[in-house]
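Two complexes, one shared chain (chain A), two partners (chain B, chain C).
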Partner chain A sequence: MKQYYTDVAVVGGGPAGLAAALTANREGAQVMLLEREGRLGGILKQCIHDGFGLVRFGEKLTGPEYAGRFLDQIAESGIEVMTLAFVSGIDRTGSGYQLRVICREGLCVIHARAVVLSTGCRERTAKQVSIHGDRPSGVLTAGAAQHYVNLLGQLPGRRCVILGSGDIGLIMARRLTLEGAEVLGVYEAKPEPSGLARNIAQCLTDFDIPLYTSRTVTRVFGSERLEAVEVCETDSQMRPVPGTAQRIPCDALILSVGLIPENELALGLGLSLDPRTKGPQCDQRMQTELPGLFCCGNALHVSDLVDYVSESGETAGRGAADFARGRLPQAKTVPVQAEGPLAYVLPQRLSADNQEKTVFYFRAGKSCGPAVLRVRCGETELLRRRYRALRPPEMERLVLELPAELPAALQFSLEPEEPGEEGKQ
Partner chain B sequence: MTRLDKLNRALEELCGGSVRAQAEEDGCVRLTGSLDNWEKIVQAGYLAARGKKWRGVLNDIRFTGQEIPPMRTPALQDNAIDGAQPDVLVIGAGIVGCAIARELRRYDLDVLLVEKEHDVAMQTSSRNDGMVHPGIDLKRGQLKQRYNARGNAMYDALCRELGVKFKRCGQYLCFEERAMRPAVLLMPLYFRLKGIPCRYLGEQALHQAVPGLSSSLRFALFFPTAGTVCPYGLTIAYAENAVQNGARLSLDTAVLDMQREGRFIRAVQTNRGTVYPKVVVNAAGVFSDRIAEMAGDRFFTIHPRRGTNSILDKRASESLHDIVSTMGALKTRSAHTKGGGIVLTADGNLLVGPDAVETWMREDFSTDAAGVRAVFDRHSETSPQVKQQDLIASFSGVRAATYEEDFYIARGIHTHNIVHAAGIQSPGLTAAPAIAVDVASMAAQLVAETRAVGQNPNFDPVRIPIPLLREMSPQQRDQLIAQNPDYGEIICRCEEVSRGEVLDALRRPVPCDTVDGVKRRVRAGMGRCQGGFCGPLVAGIIAQELGIPLEQVTKKGRGSELTAGRTKGGGSL
Partner chain C sequence: MKEFVCILCPNGCRLRAGFEPDGETFRVEGNSCPRGAAFARTELTAPVRTLTTTVRAVGGERPVLAVRTAGEIPRAKLMEAMEAISRLTVRPPVRRGEVIVHNLLGAGIDLIATDDLAAVLQGGLKDVTPL
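Moving on to the complex of A and B:
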């Protein structure tokens, strides 16, 4: 069995992994980038719509174009890239980590001082959202539908119902319409859409595709090919309301009902996942609870913009390089706490040797109108910022200059604005 | 008052005047009339079967409540098997039919196995919990009991021969109420007298053996002979071994009619031609009573009973590691109601279920939210670690139950050249190996009435399975990849299935050309993403291997194409 030795092993060659590998390489570390598919780029390969890179490059790129910017650099970097390489497990050793890799050349072991997990996420399936009936063909996740249309040139159906107003669902509604399919509607069990506002406008409104909120698909009909779906109204708990069932003939049901970070490797190492982000807990360098193990991108938490995925990759790559080269001191950490209607704040803790500007990502747990975000450390208030509106689909990014010493936990709290408070500021 | 009068009086009470029972010359009782309530029709059948006063119950009460869907038949029409004159025609390629076909090849017999679906194990044989039962709730004298005991004992050797994973993990039957303790303490003796090894476990011993259990469970009986097997894996293995030994398999082939001459079936019509068998074996599952009727030899009625199981993420069984490593299968208190249990499948997923719902639809494999929820509610009482959030899939199967609630395994009475292996429901999987031995022998004897039947000297009971790379040692795996690099290219990430294994699935003795077929053979798409990632890849491999365009690749046969055709500029790949 072949053995390889490297400073940093990056698992997953999507946007997070590409950024992590490039940054670690730039920081002087020897890097191996492992990708289980035949080509780098991850899910960007099938995202042929535009809108990528607005934050990072100031222009609207397609997914492959966005990935291309990184791939060009990878080609010149000296990073060792292994494609069709599947990491089946990771073990801790005295000097770092051993990655068990399966590839066409056989099994091999990669010994790395530091590891970056950039394994992305997977989609929730029909059974997981309690859609019952038999199992006809024509029921597929939005990502699989996108794979068929954009990579294989196949149309998943001619009369499509889309469940879930997540971004991929909205983008597929437009894509299928452009390919000549009829999209009967996008159904969302929640009272409000879960995709980005710009996608609702550009993918649905512009194409006259109806959006039905507080409605969900409860059943599929047909045993060979999908013949129809049953749609019900939902109550405030997203449960179907009895007596509201309606049958809609269609030949494809496309699900955009949520993404789940892929963390089998982290779990295999004994890490526990944060129930709110479904990813490992990390510090501001994207280091998990295990020294030298970093996590970034959608494996850490599901992002809505690829620009932030790349950013977290860079942070993880830098941290991994520093760790591998012995430049990352083990410091005490303080927790980051989230209060009020905040879904989560990332990172979940800070190592106390904070020296630079720290990037935080957070998400509101529910839509709120004017609200004030306060960040405190003990008695000291570090930040107070007013937000006109916060919506769960839209991740917020915040850069804070923190004091060198953090005596206590960092507390993030979100408070609805008191009436009249607006006038005071 | 005669037994018939009594029955008619009871039916009158149950159904008003709309149902009548009449005695048939052959000792059966026939119920006629019409009702719009399916439950009542089933109750009427049970009423007639009570006390086993008749040779069999022919429940012909017409259901007027809803339209009963016709049997699903393949659209295909050709002459692929027209004119065939096999010694034995086996109808139905579920576990029973496939096992019989294989056992028949131990004799020098020409065997034709027909199946109306596009693959073997498409109905009940792939839609059950995979338990190999110790036979706890079976009564002495039942065929079920006899065949279960014999079949169970055959499993270790059989699965070794056929290259199928089988785990004899044992079954815990747990009890909650302390008051039952004295009775339960005596039960091991009772079971041992019935020939079923059994041990009593007190509270401490139980929770030590099965740490994930609910603390409300006080003591248990442990049955070491219980086990789990992949039911469709075993069916496919039987079919492959049968074909490898020269049995002919014709898929997409539905039996539509039969011609009889006197006491003999002479011709059997299918959508793929007419067959002239010496002997017919009825292993048609939920349709076995229809086949018996066609043959003029019906002594039972199938009343379909649907059961739904749910499969949990392998991660859930990791958290239940302590439970499952020592036991694997466990049932709740009430073994005598059809309550199902928690089973660790041979492939390492936890499975909960099944429930039991009487239905007039013989091929309704749908699941419903309320049923699945009820099963979870029930089993989370047994172990708090069983959570619906870990669900990755649910599936339903339909039991081929008779009103006698027993198997019907017998040579024909009115018709001479038929053998029935009918009414096979739980514990049919356990019993199938033993049933197959007996039915094959009965069929061979019938053929022997026309010509001498010897042993087949070339019979090879050993089937070489598709290599299971994820369970090999690194050295073995590395070696295999060196021989064939396709084994080193992972296609299904959740179940770690390689391109080489997918290709193997497409090149076996039993033809496989569908995404579901690949899934049942090598587990690509069985994992937590349910084929989200590997589905298009597997479809691509099938298209390439078969040399067909991607839009012709199906999920499970004609009519289930994966896509609706090419995109505007698509199909260049």
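Moving on to the complex of A and C:
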């Protein structure tokens, strides 16, 4: 069995992994980048729509163009890239980690001082959202539909119903319409859409595709091929309301009902996942609870902008290179706590040797109007910032200059704005 | 005054815009940058969009090539552009950024490749990169 030795092994060649590998390489580490598919780029390969890179490049790029900017650098970097390489498991060793990899040569083992997990996320499926009925063809996730249309040139249906108003579902509503399919409507079980407002405007409104909120698909009909779906109104708990069922003839049901970080490898190493982010807990360097094991991108938490996925990859890559080269001191950590209607704040803890500007990502758990975010450490208030509006689909990024010593936990709290406070900012 | 969402960036500002009764003064509310104000005016007078789609490819590693308009085209011409693009076939290899059609629909905008697409090698299937 072939054995490889490297400073940093990056698992997953999507936007997070590309950025992690490039940064680790730039920081002087020897890097191996492992990708299970035949081409690097991850999900960006099939995201042919534009809107990527506005934050990072100040341009509206398509997915392949955004990935291409990193691929050009990878080609010149000397990073060893292994495609068609599937990491089946990771073990801890005395000197770091040992990755079991199934690749073109068969089985091989990679010994790495540090590992970056950039394994992305998976789509939630029909069975995970309790849709009853048989299993006819024609029921597929939005990402699968995107793969068929954009990479294989195949239209998965002519009369499509889309369940879920996530961004990929909205993007596919437009894409299917442009390719000549009829999109009968986008159904969302929650009272408000979960995708970005701009995607509702440019993907649905532009093409007169109706959006139905507080409605869900409860059953599929058809034995070989999908013939119809049953749609019901939902109550405030997202439960179907009896007596509201309506049958809609269609030949494709496309699901855009959420993404789940992919963390089989982290779980295999005994890491527990944060129930809020569904990814491992990490510090400001994206280091997990295991020394030398880093996590970034959508494996850590589902991001809505690739620009931030790349940023977290760079942070993880820098951390992994520093760790592999013995430049990362083991310091004690303080927790980061989230209060009020905050879904989560990332990172979940800070190592106390913090000297630089620290990037935080957070997401509101529910839509709130003018609200004030406060960051405190003990009695000291480090930040007070007003937000005009916060919505769960829109992740927020915050840069804080933290004091060199953190005596206590860092507390993030979000409170509705008190009347008259508006003028203070 | 019309209400709509600005699509220029992920902020998705909710705009209110329109001409004053005098028919000359244009008013925009809700934008958080000057680009939003310019967008509002275009959107209400002659809306434009970037079109991203695929073109049929023969002899390439994949059967389709991702493309986009190099700039924005009138929103009303999107389906007409799709119709024109559906009649095209490209022969790989194609490089990202390469022009596929000059002056699409005579709108003054080129159609460009957004991905690389290699040609299938003479050696047969063993050298073809899977999807």
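The working rule: the second predicted complex is superposed on the first by the 422 of 425 C-alpha atoms of A that agree within 3 Å, B and C clash if a C-alpha of one lies under 4 Å from a C-alpha of the other, contacts with A are read in each partner's own complex, and residues count from 1 in each chain.
Throughout what follows, a contact is a pair of C-beta atoms (placed from the backbone, for glycine too) under 8 Å apart; a residue touches a chain by one contact, two chains touch by 3 or more.
Fair warning: this is a prediction, and the values are worked out from it, not measured in the lab.
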Practice problem: Scan A:S303 for contacts with chain B and chain C and give back first, second, both or neither. | Solution: neither
Exercise. For A:N25, select first, second, both or neither according to whether it touches chain B, chain C, the two together, or no partner.
Key: neither
Quiz item: In the superposed arrangement, which partner chain does A:T288 touch: chain B (first), chain C (second), both, or neither?
Solution: neither
Quiz item: Which of the two partners, first being chain B and second being chain C, lies in contact with A:I48: first, second, both, or neither?
Solution: second
Practice problem: Please work out whether A:L84 is in contact with chain B alone, chain C alone, both, or neither, and reply first, second, both or neither. | Solution: both
Practice problem: May I ask you to decide whether A:G106 touches chain B, chain C, both, or neither, giving the answer as first, second, both or neither? | Solution: first
Exercise. Would you sort A:M1 into first (chain B), second (chain C), both or neither based on which partner it touches?
Key: first
Exercise. Could you look at A:A197 and tell me whether it touches chain B, chain C, both or neither (first, second, both, neither)?
Key: second
Quiz item: Once the shared chain is lined up, is A:T333 touching chain B (first), chain C (second), both, or neither of them?
Solution: neither
Practice problem: Counting touched residues of chain A, say whether chain B or chain C comes out ahead. | Solution: B
Quiz item: Where on chain A do the contacts with chain B and the contacts with chain C coincide?
Solution: 84, 147, 149, 151-153, 179
Quiz prompt | Touching residues (chain side chain B, partner chain A) in the complex | solution = 72, 315, 363-369, 372, 391-395, 470, 474-475, 477-478, 481-482, 485-486, 488-490, 493, 496, 498, 528-533, 535-536, 540, 550-551, 554-573
Quiz item: Contact residues on chain C for chain A in the complex?
Solution: 4-10, 12, 14, 49-54, 56, 62-64, 66, 68, 75, 78-79, 82, 96, 114-116, 129-131
Quiz prompt | List of chain A residues in touch with chain C within their complex | solution = 37-39, 45, 48-51, 54, 60, 62, 64-65, 68, 83-84, 147, 149-153, 175, 178-179, 196-198, 200-202, 205-206, 304-305, 394
Self-check item: Complex interface listing, chain A residues touching chain B
Solution: 1, 36, 84, 86, 88, 100, 102-107, 122-123, 125-128, 130, 132-137, 140-141, 143-144, 147-149, 151-158, 179-181, 218-219, 223-225, 251-252, 267
